[in-house]
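Let me begin by handing over the structure; questions about it come next.
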Amino acid sequence: MITLLYLAAGALFILGLRGLGSPRTARRGNLLAAVGMLLAIVVTVADIIDEPGVVWWTIIAGLVVGGGIGAYLALRVQMVAMPQLVAAFNGFGGGASALVASAEVVATDGAFSTETAVTVALSIAIGVVTLSGSFVAYAKLQGLITGRPIGLPGGPWFNAALGGIAVGVGIWAVVSGDPIAYWVLAGVTFILGITAVIAIGGADMPVVISLLNSLSGVAAAMAGFVITNQALIIGGALVGAAGLILTIQMSEAMNRSLAHVLFAGFGTDGGPAIDAGDKPVNRASADDVAISLAYAQTVMVVPGYGLAVAQAQHAVRELANALEARGITVEYAIHPVAGRMPGHMNVLLAEADVPYDLLLDLDHSNPKLPNTDVALVVGANDVVNPSARDDSSSPIYGMPILEVDLARTAVVLKRSLSPGFAGIDNPLFYKETTMMLFSDAKAGLEAVLAALEEL
Amino acid sequence: MSEEFIQGIVVFVLAAFVGFEVISKVPATLHTPLMSGANAISGITIVGALIAAGFGEGTVAAILGFLAVTFATINVVGGFLVTDRMLEMFKRKPAKRE
Amino acid sequence: MRIGIPKEQAARENRVAAVPASVKTFVDWEWDVAVETGAGVAAGYPDQAFIDSGATIAADAATAHDADLVLRVGPPTHDEIAMLHAGSVLCGFLDPFVATDLIETLASRGVTAVAVEAIPRITVAQSMDALSSQANVGGYAAVLLAASVSPKFLPMLVTAAGTIPPARALVLGVGVAGLQAIATFKRLGAVVFAYDIRPETKEQVESLGAKFVEAPTQAADEGGYATEVDDDTAARQQEVLATFVADSDVIVTTAQIPGRAAPRLITEEMITPMHPGSVIVDMAASTGGNVAGSRPDEIVDVGGVAIYGPTDLASRVATDSSRMYARNLQEIANRMRTETGITIDLDDDVIGPATITHEGAIVNPRTRSVMELDEEGS
Amino acid sequence: MRIGIPKEQAARENRVAAVPASVKTFVDWEWDVAVETGAGVAAGYPDQAFIDSGATIAADAATAHDADLVLRVGPPTHDEIAMLHAGSVLCGFLDPFVATDLIETLASRGVTAVAVEAIPRITVAQSMDALSSQANVGGYAAVLLAASVSPKFLPMLVTAAGTIPPARALVLGVGVAGLQAIATFKRLGAVVFAYDIRPETKEQVESLGAKFVEAPTQAADEGGYATEVDDDTAARQQEVLATFVADSDVIVTTAQIPGRAAPRLITEEMITPMHPGSVIVDMAASTGGNVAGSRPDEIVDVGGVAIYGPTDLASRVATDSSRMYARNLQEIANRMRTETGITIDLDDDVIGPATITHEGAIVNPRTRSVMELDEEGS
Amino acid sequence: MITLLYLAAGALFILGLRGLGSPRTARRGNLLAAVGMLLAIVVTVADIIDEPGVVWWTIIAGLVVGGGIGAYLALRVQMVAMPQLVAAFNGFGGGASALVASAEVVATDGAFSTETAVTVALSIAIGVVTLSGSFVAYAKLQGLITGRPIGLPGGPWFNAALGGIAVGVGIWAVVSGDPIAYWVLAGVTFILGITAVIAIGGADMPVVISLLNSLSGVAAAMAGFVITNQALIIGGALVGAAGLILTIQMSEAMNRSLAHVLFAGFGTDGGPAIDAGDKPVNRASADDVAISLAYAQTVMVVPGYGLAVAQAQHAVRELANALEARGITVEYAIHPVAGRMPGHMNVLLAEADVPYDLLLDLDHSNPKLPNTDVALVVGANDVVNPSARDDSSSPIYGMPILEVDLARTAVVLKRSLSPGFAGIDNPLFYKETTMMLFSDAKAGLEAVLAALEEL
Amino acid sequence: MSEEFIQGIVVFVLAAFVGFEVISKVPATLHTPLMSGANAISGITIVGALIAAGFGEGTVAAILGFLAVTFATINVVGGFLVTDRMLEMFKRKPAKRE
């Protein structure tokens, strides 16, 4: 019977994970998974409540202390610090799995069947790597240690060697059944977790955390084998597999291969070239832009010379059509000198059959921009440069601009941070409310459209 | 290999298949929340921790059990709460055109 | 088999009835082609081009008219008719329901006259339909005329020197010419409205991205042509049109009712409220005009509004209108062609109705009825 | 503060220096505006429209010139200069680097002359840049001229009377006018090729969907203007251009080098192989012409190819070119405006360089250098 | 160990099903599933080969006879008859599951634990319904009985009543353990299968077969419980679930709700309105069209007046772009009188920026059409009417046409079978090589593009 | 309920989840082949049939077993073959542009 209830919890996890994959259902998904977890905990407690000799204080103390710390951290932390928090939580999870297996080692003094011994060793090894690796990731993101990859003596071979040692110790533990061997294994893998993650750059940390998350699932599943509990096996296997897929998707979204991320030290990998010196930009993917657009009520398209260069007039119209089909109001703000000739944008948008009454000139669009949810700047630069308004030393000071910096969100689609005709930098790109989508305008708009249709 | 262990493998493989299939193409904005949610689910190890803690004999076992429960609970509680916070942005529904 | 291509003598007529491509086809059929010297020059086809296609150059009009088949653009003068020999076939725009004296002369000289405007507008005759091909060119040329004389930009422009709103264009009469006019206005970026009495044109107007003016409509006759409207309908029509006319910067009118005077769609009172500088091109000027005050080939100023009544629109795009017209004639000739030359088959679905005179008689019923020949005979 | 808008007297000049919208702005600034009677009629703005915007109608030129600020389109005649009072400001196209006698007279009369062509083409002055606004209109009008006189269809058409291939259009010189010409040709459906000496124009040409002709290019000067090319480059340029010119049905040339004669881009030998009926519009005719044989405001026939040298293109679209020009002047006036009226600040980035004469002296360095004033003085 | 091999077979089934969902991998998917099946069979045989008292002749005879019949039917049958063949095969599968459970009844004389008894009853009931229902579907499609819904006394209540009886008998069997009860159950459900399917129209048979297929999976899974075999449980559950999803997708694709199909008798459902009197047309979905296009090398777009009416010029260009991105050659055949004015198509396609050199006139396109894989006719009718060429009594006889009927496949996109300008019927629509996609041109092209992007 | 039976349910549920997830949006042209392939897989009951046939005692059991094997084999063999035939249309690969 209890197995069936665990199965129900597992089913809730599945539905939860599935829900988390789409913006519409993500919150509900998280809730379902949480309910599943509650079910599993209640079932377990109910199952042991009548057993004799249960040590309750450890359970209650653990639940209270852990719950308090978890809730405090989760509710207090700032939005930007969330990824590192996830890393920390994940480390605790991995550690818990390792502890469960360790407790079994203590309880049985290492007397396992071979197959169980293998799972014990795996629980401990994977759990501990997750623990130490996650905390290094946390420290990197939190700025406690440098975000730059830290070189190891011997480079990547160091970790390879350490991995080899861990395997050897694991075999020793399984074969000998000696508890000491398990503790040595824990020690070696603890170091391995640190050295493996410390060698990876801060920018790749999200991918690393996702991979560690997948590993903590595997650790939980292994622990399930150790204590013969199907809830752990189902939940752990689920997370292990789902986490792996997610890790691959994340590295694809960042244009990295997973191998590159993990073994960066083996080769040299320049990474995406765009970087604004020290000034940080919010770099968005087509998916991110699609979501911002999908959840907007009003969108203002601001076309510029880049739209013309990319010949993206048809693409922009299609995207606008798709947004309109979702009930979103789309208008176009046409700056008097956008492009390279008077009426440049008009020619292009007329070709794409954009109705004239959606084209707003400066006087009509600027009053609307502060109430616009998303200003979608397509290949425009100088005509949306706030310096012209704010910085009297700017060569373009005094030129009227489209004030997209006042919109709730500005999405800027261009290929790089290069300047436009006037050859000057644009503070808009570094604003908090600005998302930069680096791409050719046509390709970028098409990607956004494709992403939108998948929402 | 015990029958139980083999059953475990069957369940593991099937659950892993579900895990692979359940994640279809996820928009990048959901990568972190999904990761966080999955991470919370991996806190299922709390079930093991409860059992370990409940039946641990001796001080060492008790401490290990206590730590296991604490760690796992942090993961579970913190994980689900933080995921929910991340997902707040999806609350707003697009309104109809005025 | 000898075929003659005279040079057109009419004023403002730049077209020619054959182009090198059609000459080449005739030569392939082993016909002798004589092109009057200079016949194609105004259309951009020098004599040498015809020679290269296998034609001989006729030194004068008499030689060009001395042929078994004479292809022309406009109707011949009496002098030119005198150059045709009996039994020859003359093919071109002959105005057969109006220019009856010419028809009579042709009949009396024993010339077989095939009038391209009488080719029935049935599916199989589409490639011979010179009315369509020339109306098509006309619609295009009318818009270019209107655009080039309009003191307003047609497209919308947002510039540093202010926003120029798009011009509003109105097309009245949406036959072949009207549709092409809509398309050309659209290309130039104007906001286009259009109206025709036939209800099916609404869909056609919209298929070009223009807006249909919802004034009263009335079904066409079985030939697909518009019929005259009663005074009441006309009044309601004008009432609706008035506001659109007043707001328009450029107007092209093309409305025709075959065999009748063109309907008067724009009255003097409708013109008064228009902006000075607005332009109206009345393509129906030669049949009475759709616009009050329009006169053929003149520019009339009504309170700052310029009303053009060009009758030579197709001729302004002479290279391509000649090319299409020559192709129409080539297809007609092909229809008449036999092993050895050509024959007129009065029972043919296409050639029959288009034949006006044959073997000394006036054979076309409509011409006969206009000339009241049958009543006399009855 | 009184502002005068005379009626332009030059032949073919339909524009006016103020339109009701700009008058309204002046009135809002509490300026008195006097518009000469009939000044706007040719551009489609009757006197009544100005009255409605708050202007008074001046009965004659003298009254219109008797103002603190006189806005004109073209330069005044000596008679008109005589009507200006000392200390008044004159603003318009004054041809300040060529028409030096006029400048001298203005200076001697104590008139402050602000020449719109000398407004620097910097970002903040874009709304005052009359050269751009009028070149833009000119490019549009040039294409409409070419299209309306071309005996060929510009767009491609597949019809029952044969397939009409699209016309090939060539635009030489891709500044403001050239870009608008490309855009307008594209709208009309022609296949467009374009060329300019400045390499950055390639991307601009392609941004309008046209094809760039890969002839030699040469970087612009620091002002963004083209510089003269050496003979060798010119020869290679012509070699490449020759084949494109020969294949073109319609050509618009706009190439200019500020302060010099326009570059000769099309030679007589390049015209010879063109199809008869082809059309060339040379927008540089007044500064020597890009095309061999072009003459200002004339139509020259070279072997069947018609070469137009219109100098009044912007004036042909007078309603909208006036509207943009008036807006440019309004922005200039705004730049000069003070609480009480206007002042000329010779240190201003925009007004300074554009001021030619002030307080009896010729202050513009370039005019001075053309007149060799400084050498004399040194 | 054997369980793990069954698990491997199950994994192959999963991979196989997944592969079958996409055109690129469908064949491989089928192969994988077949390998999985072979593995399961071999494992089973190997498992029992050493057991004493195995009756081999039934096994061998069954395999030979069944294999022969199956192979013969599969390889001999005509393409068009495939759906009914699938129905028949499915019936055999359901029957087999029922027989396995029945054999167990015979062997144990009905002495089961309650839970096992339930699964036995379910195996038999579901297996037999599948058997009889599938064969009725087969007979309908094969034309052995009429395709029209056959009314039952009492209408749908008849089946409801019969279902009730079956449940009653099932309870009797489980409670009493009497073998007779199981045989009665088999009898009742046999009738139920017939009466349930016979009441449904022939057009809906594909959906019904898919549902029966899902049921046969459930039957197999139940049989797995009966004989405690995880291969059957995994395979059966897989097919049961996948079949259900597929059934829902199929009924959606046919614009029917599943409930409507099954309980058609409860309400009246007009069904899609377009029907060519007696002449059959190949009605295609956007997916079908997308696949034909995706697997073509050359596509010729033939636009007509309908393209103009729908203002689908941009949509057609987008679709062409997507095809070109796949390396497919796309050209446009422009008929001289397509549309309602000379050059109508030119105006529209120029607006959508279709390069002039892709526009072929009559003389250039007709020689290419016989070698064109797909002629995509968008809102054209008269200009592609073969009567103009073949039927001297036709009013348009003699007009030159675009000979799309000579292309390998013609796809005709229009809203209905209504005639065009000339008001005459078009034999092209009824050709075997023609697929009709009934839709507004713009909406249809957009749907095809969306479908194409999912391939 | 026996442990075995419960294990069966666990496996059944997980396999059903896999089945639900594994079918994403399938193009209509593949509906029939996919149905046919799934149908062939449901012939897994052949394993049960083999066991039933092999261990059936008595004529009735033998006949039932024989029939079960025959039926199931028809389903399996015919099913996979016919699916493969249906899928022949997907053999042709789009060639590169000449």
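Note that the chains are named A, B, C, D, E and F in the order they appear, and that numbering of residues resets to 1 at the start of each chain.
Here is the rule we go by: a contact is a pair of C-beta atoms (placed from the backbone, for glycine too) under 8 Å apart; a residue touches a chain by one contact, two chains touch by 3 or more.
Quick caveat: nothing in here was measured; it's all calculated off a predicted structure.
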Subunit F and subunit E - chains in contact with each: A, B
Result of counting contacting C-beta pairs for B-E and A-C, higher pair: A-C
Rounded Å distance between subunit A and subunit E, as computed from the means of their C-alpha atoms: 40
Whole-Å gap separating subunit A and subunit B, where each centre is the average of the chain's CA atoms: 17
Chain centre separation (subunit A, subunit D; CA means) in Å: 56
Subunit A residues counted as touching two or more neighbouring chains: 10, 14, 18, 230, 234, 336-337, 342-343, 347, 350-351, 353
Sequence positions of subunit F contacting 2 or more other chains: 1, 7, 10-11, 13-15, 17-18, 21-22, 24
Touching two or more other chains - residue numbers and ranges from subunit C: 126-127, 132-133, 136, 155, 157, 159-162, 164, 187, 189, 209
Pairwise chain contacts, counting only pairs that touch as defined: A-B, A-C, A-D, A-E, A-F, B-E, B-F, C-D, C-E, D-E, E-F
Residues of subunit D that touch subunit E when the two form their complex: 155-166, 189, 191, 209
Partner subunit F, residues of subunit B touching it in the complex: 7, 10-11, 14-15, 17-18, 21-22, 24
For the subunit A and subunit D complex, residues of the former touching the latter: 305, 308-309, 311, 336-337, 339-344, 347-348, 350-351, 382, 388, 395-399, 422
Complex contacts: residues of subunit B adjacent to subunit A: 1-2, 4-5, 8, 11-13, 15-20, 22-58, 60-62, 64-87, 89-92, 94-98
Sites on subunit A touched by subunit C in the complex: 334-338, 342-343, 345-347, 350, 353, 356, 359, 361
